[in-house]
Structures are given as C-alpha cells and as structure tokens.
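These are the structures in question, set out in turn.
What follows is a pair of complexes built around chain A, which joins chain B in one and chain C in the other.
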Partner chain A sequence: MTNIVLKPKANKYIVAFVSVCLLIVGMVIHIAFGSSSISFIDVLKALFASDDSKQTTIIQTLRLPRAVLAALIGASLAVAGALMQAITRNSLASPQVFGVNAGASLAIVMALILFPELNSQTTVYIAFLGAALGGITVYLFASGGKTTHVKLALAGMAVHLFLSSLTQGVIVLNEQATDVLYWLVGSINGKDWTHVKILFPWFVLGLFFAFSMSRSISILVLGENMATGLGEKVKWIRFFAGVIVVMLAGASVAVAGPIGFVGLIVPHIARKLVGGDYQRILPFSALLGAILLVYADVLSRFIAYPFESPVGIVTALIGAPFFLYLAKKGRNIKQ
Partner chain B sequence: MTKRKHPYGILSAFLVLLLIVAIISLGVGAIYISPLDILSNISGTSQNNTFILYNYRIPRMIIAIVIGASLAVAGAILQGILKNPLASPDVIGVTKGAGLFAVFVLIVFPTASILVLPIAAFIGAAVIAIILMIFSYAQGAKPHTLALVGVALGAICQAGIQYFMIKFPDNVNTTLLWLTGSLWGRGWSEIWILVPSIILIPFIVIFASKLDILNLGDEIAVGLGERTKFVRYVLLSIAVILTGLSVAVVGAIGFIGLIAPHVGRRLVGSRSKFLLPVSGTVGALFLLIADTLGRGIVPPVEIPAGIVTAVIGAPYFLYLLRREQKK
Partner chain C sequence: MKKIKKGKLAIIYAIISILLVLAGCGSNQDSSKENLDNKQKVTVQHELGKTSIPKNPKKIVVLELSFVDALQGLGMKPIGIADDNKTDMIEKLVGDKIDYTSVGTRQQPNLEVISSLQPDLIIADYQRHKEIYKDLEQIAPTIELKSRESTYEENVDSFKTIAKAVGKEKEANQRLDEHEKTIAELKNELKEEKDQTVLPAVVRDTSFQAHTSSSFDGEFLEKLGLKNAVQNKEAYAEMNLEQLSDINPDILILANNEGKLLTDEWKGNSLWKNLKAVKNDKVFVVDRDLWTRYRGVVSAEAIGKDTVKLLNEE
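Moving on to the complex of A and B:
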C-alpha cells in the first residue's frame, strides 16, 4: 500500500546514476538496432555529425526521434501512474486499469473515423477529453465507500471492456481496421519529430506541475484527515493531480496509442528503490519509465523479427506477470 | 441463502417471454416479416418467407438462445464455485484464453476444418481455467485473488491475440468481427458444434443441488457425504466446455455470464435449483435481444451482438459494483 512509508533500500544518488547510465545505454542500443544495424561508435558519431550521409540521416530523422519518444512516453505514463496510485491510495491504479487509456483510444478512433481530415495536434485534445471521461467514470464507480484493490480492478476492467468493445464496434463497422488496429495496441514504430513536438509541451508541463506538487502528494498519501490537518486542500490536490494525469496519459495515447502496464509497474519499482516519499518517487518514476519503454521498444523488434511488433505487446507480457505478483502481495498487506 | 416466492411462476413467465421475443426476433432484419406471417410460415400455410426463416433466422435464433443460456449457466456455476459474485467467463480470462487459441487457428490454419475451431477454443478455455485453479489453490483460493489473476491472464491472452492480428494482417477483419462477438452468418452447421451444450445445460440443471451443497462450505459438504473436489472439477469442466463452445461459435461475447446470474439471483434467490434455469433463460433472452437489436437498429448494417451486450451489460455491472459498495 502506498500509505506505508518505506525506508529507501538504496542510496538515491547511486540509483540515479545507474538509472541515467542505463537510460543512455538503452537509447544507444535502441538507435543502433533496426533493419540495418549500425555500430555503437557510428551511432555516437552520427548523433553529433552534421553531414548528410545516409547513416546520419537515418539516425537523425528516424531512429533518434523514436528513441526520444519512447523515453518521453515511458516517463509520462509512469508519472501518471504514480500520481494515480497516490490520489486513489490504491496500488493497482494506473492509466490502463482506470480506463483512461481506453477512453482516449475510443475518442481518437471516433475522431479519426468521423473527421478523417483532423490534424494530429487536435487529436491530442480529443484524447484528453476521452481520457478524462474514462478516468472519471471508473473513479466515480469505484470510489464510494471503501475502495479495495479488487473493486477498482474489476470496475476498471468493466469500463475497459465497455469502451474497447465500442472501439472495436466502430472499427468493425467502418472497415478501416488495419491501420487503427496497429495503433490500438500501442506502438511507437514509424514516429518522427512531429510526434515528439506534439508530446513534448505536455510532457514538460505535466512533469513540472507533478514535481512542484510532489510534497503535497506525499502528505495526501498519509491519509485525508492527516493531510487536511496539515493544512492541505485535499480536493484541489486530487483535482490538479487528475488534470496532470489526463494531460500526460492523454497526450501519450494520442501519439502512440494505449501502451499498457508502464504506469502500473514503474511506480512500484521506484517505491522499492527510493522509499515512499513522492518528492523522490515522481522523478525516479519518470526515469525508470523512460528506461522501461526504451528497452521494451528494443525488445519489440525481436519478437517477430524482421517485422516490428507494437511495443504494447511487450509491456503487456512484462506487466501482466507483475500484476499477478502485486495481486499476491496486496493480499498479504491489506485488502 | 434467500428464498423468493413463486420461482416456478417466474421461470415460466420468462420462458413465455423468451418464446415471444424469439418469434419477434425472427421477423427483424433486412427484410421485415410480421409475427403473423412467421406463424403461418412455420405452420406451413404460407410459403413466401420460408427460405429466409429456415435457412437464416431460425438457426440464428436457436444459436442465440443456446449460447446465451450456456454463458449464463457457466457464469452462475463459476460464481458458485469461486464464491465470487463478480466471477464470469469473460472477467476471469477464460473467454480470452479461448479467443487466443481460436485466433491462432483462424489465422495460422485458415483452411482447417470447422471442427478444429471449437476444439481449439475449448483447449484455450481449459488452459486458462487450469492455470487459474493452480494459482488460486496455491494462494489459498481467495476469491479476490482469483479475479485479479484472471484479469492478468486475460491481459496476457489479449497481447497474444493482438500479436497474431498484427503478424498476419490479411485475416484481420474476420478475426476482429469474431473477437467482438457476432452471430452474423451463423447457420445450421454451427448448431452441430453446440450439441454438447444443448445436452449439458439440462444435465447441469438437474444436478444443481450439488452446487448448493458446495456453497455451504467444504467441511459441511464433506460431512454431507459429497466428494467436494470431484464435484468441483466436474462443475468447472462443464463451465469450461460451455464457454469454449460458445466462444468457438460466436466469438467473445461479453457480460452475459456476469449479468444474467445476478438478474437471476434477484428474481429467485440463490438456490441453484431455480437460479440456474432462471439465469439460463435470462441469458438466452439477453443474447437474443442483443442480436435482434444489432440486426434491427440500422438494417442492412449489422451491429455485432457483442457490442450490444457490452453497451447494456457494462453499465449494469458498474451499478452492481456500486450497490455492493454501499452495503
């Protein structure tokens, strides 16, 4: 449970240093592997080169933006997940379980089919709307009285099934399946700088606000009464955290589709590593989320080599067993 | 265990309702046929729509009724064995497991005979059910764990399904339609697949009292001379067979197994003797209405029945969850 303040198990500077190294190595590997392999030294050279050789072009216009996007989306989803777990005080909360991803997906699929000439800037706002609707629905239904892990997971599951069968219905009836389908699994394949540009402002805004309210969130996690006693405006913290979640998760879904389980797993790993203080959990979640998605995206290329698989499949395969582990652990602490 | 009045009355009322809806549903579709016309066609006094009725609408109606009943009974059994009112084939991942294996067959062996699909779907359902049992027994069979394990297994199967769809995009439309759950184009040949279900449903209704004994708790059940483990496995296998066959024929139609037993319980209480037949009837009615609506809202376009059941079922499920919470 999030309300137990864990003692950090490792020195935060060491963790930070190792994480940053892992992220950099991951991104270099990410850039180096692909349909044509490039040696690591060439990757490093090409990153800073300004010539227009084939290799430099491939790296600077295709591979680098994809690696950057993987990192940004991983960080966004992980921070969104951490915030959700804090405001609901439920360790299974995450954009996916909460129907935020499914809501955004439905909104985008509807928009793509109803207004095909829509540009990708506008889809972000539509995704926000869908994300907010999905999230609010689950929250309303799971929040009355005591919200146990299971209630939340089941309510989320029901809303998820509901929204995704609507999405499927829209696709089935319009027969434009394949393109949207690939997107629906969550994929960063074939994305370029324009996508990075769409996501980046929301990423910066979301992370900035999240970090600046991290102290209040730590207090909120202690319990509502305690937080009120310490002079925090609980309702407003919840509201703002919710807005940040919608911003980060919605923008990620708009760009890359609903990539699952990142927001669920990463905050737990961060909590294990650096303790229960959200001033540390949030930045480390961002870092670890970026690492997770960068490596997952590398793996996604090998699943059906030489074809690319959507990274959402990889995160589901890593995430679902982790979910099992959490379900088991959650039972031992408190229902 | 609550008792309600007139369970037989409620059961017969629902059966009559089912009959009426069945006759109306035969008329709905791209070509509308009035109920009177249907009756005269069936009795043989008129021939004008006999072809449509016998080759398309009647088999489809039978399939809707059998599968609706199968899923509802499977849900009621699972909720009984797992002592969890939220269990159902789709929530605990059994439907997804059947779906994964069936998609595998559909995509990798598109030329395989029609008999392979139900077997594959059944194996998929069984594999997930076995994993669930192993997990839940290892952890003391807490009903709550089971729901979560099911959600996770469902997510893994979902990832697998998506993998196949993306790796083999040629068959994606068929697969997708099938995954949403639709009765479109199902005919007499599919009814043969459902024969085991048609035999099993009356069978399970007769042995429903065993489920009640299990519900008293293992110790009492053993004390009453029941081989609890054996009975539980038999019941579970029946639920898996019913689910597997249903998924094989119409795809992953959700929410029936979850909702119908709840409606049944509100109507006649939790005694399985009444709960199972009433749930089955409610399930049959639910799927029949969903299919008829899907066919009738914007003809000739068909909305897959699975979407209609989700649209009706999900809000009701959330309402149930909300009500449980307020208690």
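Moving on to the complex of A and C:
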C-alpha cells in the first residue's frame, strides 16, 4: 500500500472530529449572524420550527440555504483544487490559478448577454464549457513537460487575468447587463434553496467520482512512470479527474461566481494534517474547504456592515499571501 | 555592425526629436491663435481646479447624460455626446431627435472623435473621467463635474457651473426658480400620507442595489417629502431579502434591468409577500434611464411627475 510511504502527521480521527465540530460551529455562527438581530436560542428554535413567522422564514429560507451553499461550494472548490494539484503535480494549481473559474465566469457572462432569458439550469452547462476551455488552455502549457511549477502557475495566472479582463470588457460594453464585481470575485449573498438544488447533484456526483478514484490519484502523484509501472492508465486518470474538476468548479461558478483561492489553500492544509495519501486528502479537503468558505462568508458581512460584500474578497485576502508563500517555497525546493 | 546600429539609432533619435519639436510648435501656434481670437475668457472653478474657457462656447462635447440634461435646461444642444452608442436613449432624454456625434461610451469615450469635433468646451464626469482629464485638456478646455454617484444637490451645483461656463447664468437662475416652483407644486399634488418611507432600487440578475438618501433619485424624492428608508452617506447599498424585510419600506420603486431579475426569485418567498410595499400594492416599476441615468434638473422634474402619477393613481 502506498499509505506506508506517506505517513499522516496527525491522527485522522482526531482531525476529522475537530473539523466536523468546527464546521458545525461555523454553520451555526453563519446562521446566527444577519442584518436582523435574532437571539441565538431563537435561531436554534427557528431551525426546527414549522410555523411561518418572520424569524422562521428568515432562518429557513435565507440564512440556512446560504450557509449550506457556502459549505457545498467550499467543498467543491477544495476538491477540484486537490485534484488539479494531483494531475498537474503542481502545488500551485487550483481552479482559479489555472483559469478554470475565469473561463466559466466569462462563458456565463457572454451567455447572459447573448441570451438574457437563459435559465439557471442551462447556465451550469455553459459554465462547464467555459471551465473546460480555460483549464485546457492552461493544461496545454503543462504538457510541454519542462515547465517549472512557478512558470506554469504564471502561465495559468496569465490566462486567468486574460479571461477576467475579457469578462470585464464584455460587461463594460454592456453596462446594464450584470454586475462586474460579482463575475470577477464571486459572492453567495442572497442565495437560496434554488441555488443549492442546482449545485447539489453536481456536488454529489463530483465528490463520489473523486473519492472513488482517489487511490489511482495517489499513485499518479508518485510519478507518471511509477504509475504506469503499477498498471494505472495515466491518461485516463488525468482525463476523468479533469472532468470532475470541470464539474465541481463549473457548477460552483454557475451559482456563486468565481470565488478564488479556496482550491489553492485547502489541499495544502489537508496534506499537512493527514499526509500525502489522496484517499485522505480528498475527503479532508472537502471538509476543510467547507469550513473555510463558511467562516469567510461570515467575515464578508463585516466588511461593509450592515450591507453585503462579496465573499470572494475575503478568500482573496487570505489566499493571495498564501499563494506568494507557496511560490517562494516551491522555488526553494526546485533550486 | 555595431557602428551601423549606432548610426541608425542616432537617426531615429533625430527624427523623433524633430517630430516632438514640430508637434510642440504646432500646439503652441494653435493656442496662441486661440488667444488672439478670444481675448475674452471665463474662468470656471470645477472639481479639478480652474479652467479658462472662451466666452460663449458654441461647440460643446459632453461625456455624461446629466450634462445633456443641463444644456437642455439652458436651451442648448451639445455637438458630441458619450451616449454608449444608444441614440434612442438621448432621444428619450431630449424628447426630440437632435443632431450630434456619438463620442463612444461614457466609460471609455473616444478621444480621437472628440478631438475631430474641435470643441470649444468639454464637460466630463469627475468620477469616470478624472484619469483622462489631461488628455481632454489637450483637446479643448475641460471642466470636470460631479455626475455619477452624485446627489441631487450636487447635480444642481453642476448645472450652475455649466451655466457659468456657457455664459447663461441669468437663464440658469430663471430656470432654477421655475424648477423650485415645479417641485413645490408636485409636492402639493402628492397625496401620500406623511412619514411614508420610500426605497428606490436598481434590480439586476444578481443584485438588489438600494439607492439611499445620498443618491440622486433618493435625495430628490426626499425633496418631494418622501423619506428614504435607508439614510446613508454612500449613494448605493447592496441588499439581500433579509435586510429589505428589516427595512420594510412603505413604497418600493424599482428600476429594473433587462433580462433576469433577482426580485423574481424573491417573489416566491413569504418575506417578500409580507413586505409592507407588496401587501399594500405599492411596488412601482419605473424607467431606469429616467430614474437613475439622466440625473439632471429637467429629468428630476420628469421623475417628480412620474412619482405623483404613480402614487396618486389609486
């Protein structure tokens, strides 16, 4: 078994227990804070109440779905990031850094302008298309072989910035069409159960497939030759992992815009906590990603309190220094 | 090889410096000529300093819609407008087909087209065109005034400044007196009970943007006696359904975007159904151009008439 080589650094049961507790506490805090002050006990009561009072409605139809959506998107993006880091064997990879998010965002904005009456279900497929195009563009750079991690990340960032600037341009030219900020940084403000319903099937499918191929991915990380030697079909693993990335990241962007840096940070934290085996990294990435975005979304409300700010600003605030740290660390290892 | 390269470089430098000198001469000549032609000048104070403008400028280019409105109020028409390439929007604002050249979008006006029109005066928006002030100054005397995200009072000030720049201060005072009278009449006509709160907002597919007491439409409605439900220094505020149900305004005035709307998603929620404005059937959909884009003395009156018509209907 590969696990022997890749020793976990902490007891996985303890990590799992603490993470689940953190997630539950985070969700409760998330639900408890809002513009209308509802006492903590009333919040808990409202969660299980079945009346149609204002408080219950606020909790059940607005705050709860938003918290659930934050967790689902955080998990999706984190797993997508972990998969990308595995298939490119690049610790700087993530849906944002490699242009997947920006591609999905651009595709949706274009579609919204060309076909304003588009329903949300169809937008998901358009997001998939854009995510795939963005990802493939960067991946073509990766298959060159000799590019270093930092160079590849730079190429990815360049594609990301290029696609973002196109998005910005398209919106500037059609100023009334939609919100610039939303399609550049992403936000989960004002989302409800309809959005959860759109994301949920893709979330389940994506996570199911990701977890079921986690063993192959662990082997892939050991190196292409080693993996081929161990009887793995490297190309197919990469392809399927890529499809899962497009599914998870694309669907997330379709419901909340391109929230960045979750997919970059979380797999690293997961690796630190539970070691290098993807059979553990993937589920823990999902858990930690959910935690990160739930807490980030709580913070996002305090930027311009009592009004809303996009959560993507908070993740960028945490993520950008982390990215620089990784880039620096990566360079030291390479040299 | 190296020598040849150096020689070539020297020639290129020489050509560039000659061109620069020529260009310098050219612009100098132009301005000295202008000085001779228009000895009389008006100095106008604006957001970015003082600018002297030839007296009674005829050819004016404007880069925001509120300036079209201001000139309209003074009985003048610009020769160039940053109209976002929407002629019908200008037609609706002026109420007539006028002859003008589009100088591109308000966000990115086309400097070449502006300069080809050889204007006497350019009126630019302080927020959007701060960065290109120097470029505009090279084309013609430019004044930068508040328009985007500005309040109603700031727009009235801009109107006065424009009047001074075009030498029509008398007309402007008359027009403003008339304006005050119109507002007073509209305020009398308005049958709303006192202490009603109103919230104007722009609705898009992903956002509900409330226009607060510091926005153009918000402040103007307060002048008509309708208190804004959100008293804030920022002109616009992003809001979700929870906040809206907390604020619970008596009257909602929605300037809807084209296409999908966030409020359509909200309509199924009982919080929306329980809003005072929804229950009492006081949700009004208005024209977004008039309510939030034109921003000027003339359009304020139109907004006032719109308000009276909508609120008095029942």
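What we mean here is this: the second predicted complex is superposed on the first by the 322 of 335 C-alpha atoms of A that agree within 3 Å, B and C clash if a C-alpha of one lies under 4 Å from a C-alpha of the other, contacts with A are read in each partner's own complex, and residues count from 1 in each chain.
By definition in this document, a contact is a pair of C-beta atoms (placed from the backbone, for glycine too) under 8 Å apart; a residue touches a chain by one contact, two chains touch by 3 or more.
Nothing here was measured: the structure is a model prediction, and the numbers come from that model.
Enquirer: Following the superposition defined at the top, how do chain B and chain C come out on chain A, clash or fit?
Expert: By the criteria stated at the top, chain C and chain B clash after superposition.
Enquirer: For A:307 in the superposed arrangement: first (chain B), second (chain C), both or neither?
Expert: It touches chain B and chain C both.
Enquirer: With both complexes superposed on chain A, which partner does A:21 reach: first (chain B), second (chain C), both or neither?
Expert: neither
Enquirer: Looking at A:117 after the superposition, I want to know if it touches chain B, chain C, both of them or none. Which is it: first, second, both, neither?
Expert: second
Enquirer: Contact-wise, after the overlay, does A:172 reach chain B, chain C, both or neither (first, second, both, neither)?
Expert: Touch status of A:172: both partners.
Enquirer: Tell me which of chain B and chain C touches more residues of chain A.
Expert: Counting residues of chain A touched by each partner, the higher count goes to B.
Enquirer: Name the contact category of A:162: first (chain B only), second (chain C only), both, or neither.
Expert: A:162 sits against chain B, while chain C stays out of touch.
Enquirer: Taking the superposition as given, does A:204 touch the first partner, chain B, the second, chain C, both, or neither?
Expert: Neither partner.
Enquirer: Using the superposition on chain A described above, determine whether A:185 touches chain B (first), chain C (second), both, or neither.
Expert: In the superposition, A:185 touches chain B alone.
Enquirer: Going by the contact rule set out at the top, does A:54 touch chain B (first), chain C (second), both, or neither?
Expert: second
Enquirer: Pick the chain B stretch that clashes with chain C in the superposition, from 185-193, 221-229, 239-247 or 275-283.
Expert: The one stretch of chain B in steric conflict with chain C is 185-193.
Enquirer: Shared contact residues on chain A for chain B and chain C?
Expert: Shared contact residues on chain A (touching chain B in one complex, chain C in the other): 172-173, 175, 177-178, 182, 304, 307, 309.
Enquirer: Can you name the residues of chain C that touch chain A in the complex?
Expert: Residues of chain C touching chain A: 84, 105, 107-108, 204-208, 237-243, 245-246, 257-260, 262, 265, 269-271, 274, 288.
Enquirer: Which stretch or stretches of chain B touch chain A in the complex?
Expert: Chain B residues touching chain A: 86, 90-91, 135, 139, 142, 144-145, 147-149, 151-156, 158-159, 162-163, 165-167, 169, 172-173, 176-177, 179-180, 254-255, 301, 303-304, 306-307, 310-311, 313-315, 317-318, 321-322, 324-326.
Enquirer: Enumerate the contact residues on chain A facing chain C in the complex.
Expert: Listed in rising order, the residues are 34-36, 52, 54, 57-58, 61-63, 112, 116-118, 172-173, 175-179, 182, 187, 189-190, 192, 194, 257, 304, 306-309.
Enquirer: Which residues of chain A touch chain B in their complex?
Expert: The touching residues are 92, 137, 141-142, 144-151, 153-155, 157-159, 161-162, 165-166, 168-169, 171-173, 175, 177-178, 181-182, 184-185, 260-261, 303-304, 307, 309-310, 312-313, 316-317, 319-321, 323-324, 327-328, 330-331, 335.
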